[in-house]
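Below, subunit A partners subunit B and then partners subunit C, in two separate complexes.
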Partner chain A sequence: MTDVRTPEAGSGGAGAAAPGEFVPGDPAPPKLPAAGRFGVTAWARWGWRQLTSMRIALVLLFLLALGSVPGSLLPQEGIDPAAVQQYYTAHPALAPFLNAFGLFNVFAAPWFAAIYLLLFVSLAGCVLPRAYRLARSARALPPAAPRLLSRLPNSVRYETTMTPAEASAAAEAFLARRRFRLHRGDGWLSAEKGYRREFGNLLFHIALIGVLVSVSLGGLLGYKADRVVVEGSSFADTITDLDAYHPGHLVSPGDLAPFSLTLDKFTASYILSGPDRDQPSVFGAHVSYTAQPGGPVRSYDIQVNHPLNVDSTKVYLIGHGYAPVLRVTDGRGKVVYDQATPFLPAETSTYLSEGVVKVPDAQPEQLGFAGVFLPTAVDVDGQLQSAFPAPYQPAVSMIPYSGNLGLNSGVPQSVYQLDTSGMHRLDTPVQVLTPGQSMKLPNGAGTLTFTGYKQWISLQVTYDPGQVPALVSGIVALAGLLLSFLVRRRRIFVRAYPGESGRTVVDVGGLARSDVGGGFETEFAELAAGLGAAFHGTSGADRPVPVTASTPARGDDDPSPTTEETRSAETE
Partner chain B sequence: MFRSSTTVRRAVGMAVLAIAGVLGVAACGGQIAANTPASNGVNFVAGSGTTTYFKAGSRAAAPAVSGTTLSGAKLSLGSYRGQVVVLNFWGSWCAPCRKEAETLVVLSEQYKSKGVQFVGVDIRDSPATADAFVQNFGITYPSLNDPADEIALDFSGTVPPAAIPSTLVIDRSGRIAGRVIGGVTYPSLNSMLTKVTAGT
Partner chain C sequence: MSDNVGLAQLSDHLLITAVVIYSLAMLAYAGDFAYGRRVRPAASAKTSRPVAELAGVGAGSGAASAEPPAAATPAAVNQPADGRERLGPLIRGAIALTYAGLALHLAGVITRGLAVHRVPWGDMYEFVTALTCVTVLFFVALMMRYRAWHLGVFVMGAVVVALGLAQTVIYTPAGPLVPALQSYWLAIHVAAMTLSVGIFFVAAVLGVVYLFAERYNRRVAAGRSPADHGIMRRLPGAEELDRLTYRTVVFGFPIWTFGIIAGAIWADQAWGRYWGWDPVETWAFITWVVYACFLHARATAGWRGRRAAYIQLIGFGALLFNILVVQTFITGLHSYAGLG
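Our next item is the complex of A and B:
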């Protein structure tokens, strides 16, 4: 976003880089300082210039994009911890290796943060000095008029009976009426218009800084949490009640919005036929919630991309599944487990789900079960499968274990995985249970009953105070960018001096500093004609005579009829 | 000159806008770094055993907490005013809670005569599993039944429990004297109770 500097205007142009100063954004980064002659300071300066160069920023951006790839290819701890567990089970050798590089939590990995922070510094180091230069440029006076105006892309010469001072004053009055910014010197006048371009540019750069600040604000003050909720149950937005919690650096436990939420009902519809068979058509989680303890109970329908908003904390629906209600009676005949147990979908097309039941308080030995839930159970050649994601024929099949679950050692373990290293499999044939059916465990170890099923949803609770400022900054950045592209800066120079014939010669030159859309020739012709009339009008003497007119040399295929237009305007 | 500079400028502008866009996406995707206590893939936030003790005079008042116990009786913390209360948040499914249970039982017996009342808060549990847990570990003190974890929410403005298990010690005038995030050990809770019962 450097200014376009022309040889004509560059010397006095505002915002021109001092000789040797590196302008960030120049296509080529500065040359390496020669070894030996340069000290620590020079190397630091060189490093800083490298870091803030556009090339390095683009390299970092590319690395950021590259680093995000594993984030979308591999399951992520922050988004779907259950999928990470499944990946560990499926690839026991590869998963710890990937985890060592933080690939299951890419966006929290130190190397990702390093790229991010370097890019942040690079952008800030590039944008801040530039914003300062742009601010100066937006307030600067136009440069002094060049000596030979006839060399400019657009120029015209008049002769008038006015004195040079009168002609200059007339030109000044005319251009001031046209809202040009004026700079007067000895026998010359510079006028410039289109500073809104610089203003737009400045706005864009400031908004970029706004985006950066908003993003870091969100990273420091925001938090993200996950929670699985079964139909009919509740949860509170407090750390003890969350499945996973990722706070920003400045978030303390008391900062969480103290809402609590009950899942009343979850409905999902699936497409029954056609190419999109098995695909969900409608999801809806009907919840009731209170914004703070003791507050009024409200109800809401959370849908995908239609989150619940509680005091700026958003609750998104990100997943769902089945939770079979299982009851376990131990060897003493006592009910030691009776609850809906969330199973994780192993196949998204059929919602065949896997899960475990841990009964640490069963007597005489702890019990564990691992198995599957099938929403629509079918028998295909002796293989138990699910035919459809909706619960048309629900069934479970569980393998029982007894022994030591490893829970009493105090080491936290996943509720979705059974550590069978201290257990032995109970010798019983595989059974498929439909709602209401039970299986007896061998040796009087107990009974497992499949009493029914519920559905669960997984919710993501996010608070990002940087979201709205980032959006506003983004819109402002776009508006500033448009302004800087659409407005062009153009200059008019006037030099008046006594000619040989005793009349005053007035040279008028025009220059567009960035004529993106073209059309400056037309504007120049119109201004030149106006100036010509001004020289004529005040003195009442002979009308000024346009002596020469030049237009920039352009390609033959350029359709703009600039010369003709200028002439016709002048002879008017 | 004009043309080429404009192209460069435009390209650079677009690149900067793209960077801003990707930064925005990255912001949506995750946090820069996780804080402690963080998720550890075990589907609840487990603590590290961090113990905090507040000196008398710098203690926050505990909120009024009441509810129904696992055995169906009404219980209000306010009725224990004048006694030291140990409030332990637990779940039968949580491994660190199972490990600390024996210690809590031992300490509750040891400090009974010194005016210390233990109260459990059973969260995210079902009655069947909670009863089995209480019976298995021989827990004699009452536990409030709080499947939705609303009691922890009541503490959010003061000294919130920040993991499962968490233990709060409330002094005789109803102020929070200490907190253990994660499982308690005999030495840590014992020394805290010695100090609180001595009134320091």
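Our next item is the complex of A and C:
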């Protein structure tokens, strides 16, 4: 991606109209049209030239980098909405101000979109004309050889017994074997190679546009959803059966892949000792699924780096926890609740989890419970704690409430929180229940039994049709980048003419029009030696003699452009 | 768990010894500046004499003389017959120490990997030891070609600081990985990042030296500095430093790009999206954009030279910020530094 818009100074005399040489808008900044004398067209042309100039592209690149900074330093809606809420609480005066500039959602903010869209328009405005020129010049010939080859950055002079025509033919054959593009004139030959460099450069930039298009494709046609599944239960990939569903703008409910999935078993292992104690070492969710209703049942082991792929829809394991199985009998002696209830981990190192049970069907009054689940319950100085994330000593401790759960109030409630405003706490000492144990509620309100526990997992269902195009674009961009860095564009010129001694003088000159990686001197030396051998030819014992040779001394005041650095200097 | 404690300790000792030897190398490089004899004959002591040219001529004449007609050797008329500069004893000692330190450094990284049965770049400490190893390796490779060994004092200085801080501030004992890191993409993505950061490290050091050389040139032009300053004479000229910096960035940039792509593929497998503006992702993007700026600036009239060098250093600053601040202090999905 170097010298993208730098005009390469013509070096080989007239007709140096190779691709990439003329670029609108750069290097000379376009002149401002004088007001009143030019119409809308002139202004539009001026604006377009500004936009597609390298200077503006550089400024836009800078702005893009700068604009991303707040997105990493401030909490973002798209990544962690809870953190944004916390920020509002912590900085009540500053937060609304920041929000006015979209700083809590930088990567979806209009100003951020404006920067990258302008950048890509600028990119397209520069790259597409260059691609057109490259395509047109597919058969263009290299420019005529300059008169004095000894003034080129690399040159060598031979004398040979061949005639000038024979020497030219020998050079032509030699360079053609090395796949140079050739242009022959009267007593001179010019050869050029390395057009893939410009091709690679264009490929890179066009592939970047491809990345942007792929990302927007995914945003429009993809969807993302979450679902909590307890061991032994199932769900189907439908809008009603998903917990949180975020569709792209063009996704309709019928577009969802019609699979259903059952969690058979979840296993987790933890490190038992050492500095990383309590850290998880392996997670695995054993699931069975059908790709469409009535289809065959398959099984899969979803792990952290191994999502399940059902017809391009991917299912990821993103979280897990415990779901104690609790049975509630109400005052009438009737079982009104008996199910595994997902609790949310409150401490990731010990998996101490918090959760609630809501029993709207309990009589005479509705019952509610709030409490904790401890995978490895220990008593530390009268304080109930969990010592380890694995379920070695599972226990629950629940606080009972009775009254009105408020489920019919119309206000949406979280399943993980109990609204105790219409309830009163039942007066009973705190009890720790191990599997099989029960606690009696006071005044014959019922019993709560901890029958056992299951594990739950949190799955993310993602469909992103932009994924593969984005990957392909990324790889193409990388390939283009490598081409443009590795290939050097170089020209070799040969002039053969009769010398004073009666022998033929052959001048060979060369220059690299781009030499990012360096090494043209070496290549020229090899080519020159090969040409020297070619002039030796068939004509017998008299071998060609190199008379003079020069390699560039770039520190000296050599007027010839050698690499792109000096070239751009000339354009200033 | 099954980590080999003996190997892990060996790794620690090797790396500490490497830092000591690098420090000695740095002192030897610095000593050469102070006490070494003049290295170039006065005729070729032009400040702008590029080093690459010397290497180029050597290679060129070698290739030509390999051809059957022995007389076809082009005589480099405008070059001194012996282009290679002669190195003083101090600097030769410094180079030897550099090689010795590098050998120990490599051994330290490898034994760490053997101790934990995985690639040795799973936490921040391992990442910094591995990337500084790349820095020295790349520097040595670069100098074999361009023969500007006097730059060693700057590279060694920077490496000693980075590696020393790694061993004191962010040292983490050998241990296993959390599930999210248990993927072969760790080997690919983090290896690419380690390589490119190591290379960008060299570019940043070259960039700083360039800024000094460029300032020196301006002072000489203004008559405010003597034209044959002892230290500057031993360093490559500003133009050559600029070119070396550029080539170094050009080498690192595609690797960084590849690292981002590999990271995106891994993120897709591990987190369910290939790009999510996680703070570390965002800063990797910022770094990429700033280095892209540098590559474009260097080819744009009015932005070359000093301005481009500053952009390059801003890019490296973004890189450092990402490693030192974002991965360590800002909560995100990449919080694997192992610093608790």
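Methods note: the second predicted complex is superposed on the first by the 304 of 572 C-alpha atoms of A that agree within 3 Å, B and C clash if a C-alpha of one lies under 4 Å from a C-alpha of the other, contacts with A are read in each partner's own complex, and residues count from 1 in each chain.
Here is the rule we use: a contact is a pair of C-beta atoms (placed from the backbone, for glycine too) under 8 Å apart; a residue touches a chain by one contact, two chains touch by 3 or more.
Treat the numbers as computed from the prediction; the structure is a model and nothing was measured.
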item	value
Subunit B versus subunit C as contact partner of A:421, first or second or both or neither	neither
Touched partner set for A:240, first subunit B, second subunit C, both or neither	first
Subunit B versus subunit C as contact partner of A:283, first or second or both or neither	second
First (subunit B), second (subunit C), both or neither touched by A:309	neither
Touched partner set for A:41, first subunit B, second subunit C, both or neither	neither
Which of subunit B and subunit C A:501 touches, first, second, both or neither	neither
Partner chain in contact with A:521 - subunit B first, subunit C second, else both or neither	second
First, second, both or neither for A:339, with subunit B first and subunit C second	first
Touching partner for A:383 - first (subunit B), second (subunit C), both, neither	neither
Set intersection of subunit A contacts, subunit C complex versus subunit B complex	1-2, 4, 6, 27, 54, 57-58, 61, 64-65, 68, 71, 76, 78, 106-107, 215, 224, 464, 470, 474, 477-478, 481, 485, 516
Contact set on subunit C toward subunit A in their complex	1, 46, 48-50, 52-53, 56-57, 59-61, 63-64, 66-69, 71-79, 173, 175-176, 178-180, 182-183, 185, 237, 239-240, 242-243, 246-247, 250, 253-254, 257-258, 261, 264-266, 268-279, 282-283, 285-286, 289-290, 292-293, 295-304, 318, 326, 330
Touch list for subunit A against partner subunit B, complex	1-2, 4, 6, 25, 27, 54, 57-58, 61, 64-65, 68, 71, 76-78, 81, 84-85, 105-108, 110, 113, 116-117, 119-120, 123, 204, 208, 211-212, 215-216, 218-219, 222-224, 226, 228, 233-249, 251, 253-254, 256, 258, 260, 262, 293, 327, 330, 334-339, 358-363, 406-416, 464, 466, 470, 474, 477-478, 481, 484-485, 514-516
Subunit A - residues contacting subunit C, complex	1-6, 26-27, 54-55, 57-58, 61-62, 64-65, 68-69, 71-73, 76, 78-79, 106-107, 156, 158, 215, 224, 271, 274-276, 279-283, 303-307, 314, 316, 318, 460, 462, 464, 467, 470-471, 474-475, 477-478, 481-482, 485, 516-519, 521-522, 524-526, 528-530, 532-533, 536, 543-546, 548-555, 563-565, 568-569, 571-572
For the subunit B and subunit A complex, residues of the former touching the latter	1-2, 5-6, 8-10, 12-13, 15-20, 22-27, 29-35, 37-46, 89, 92-96, 98-100, 123-124, 126-129, 132-133, 135-136, 147-150, 152-154, 156-158, 160-164, 166, 183
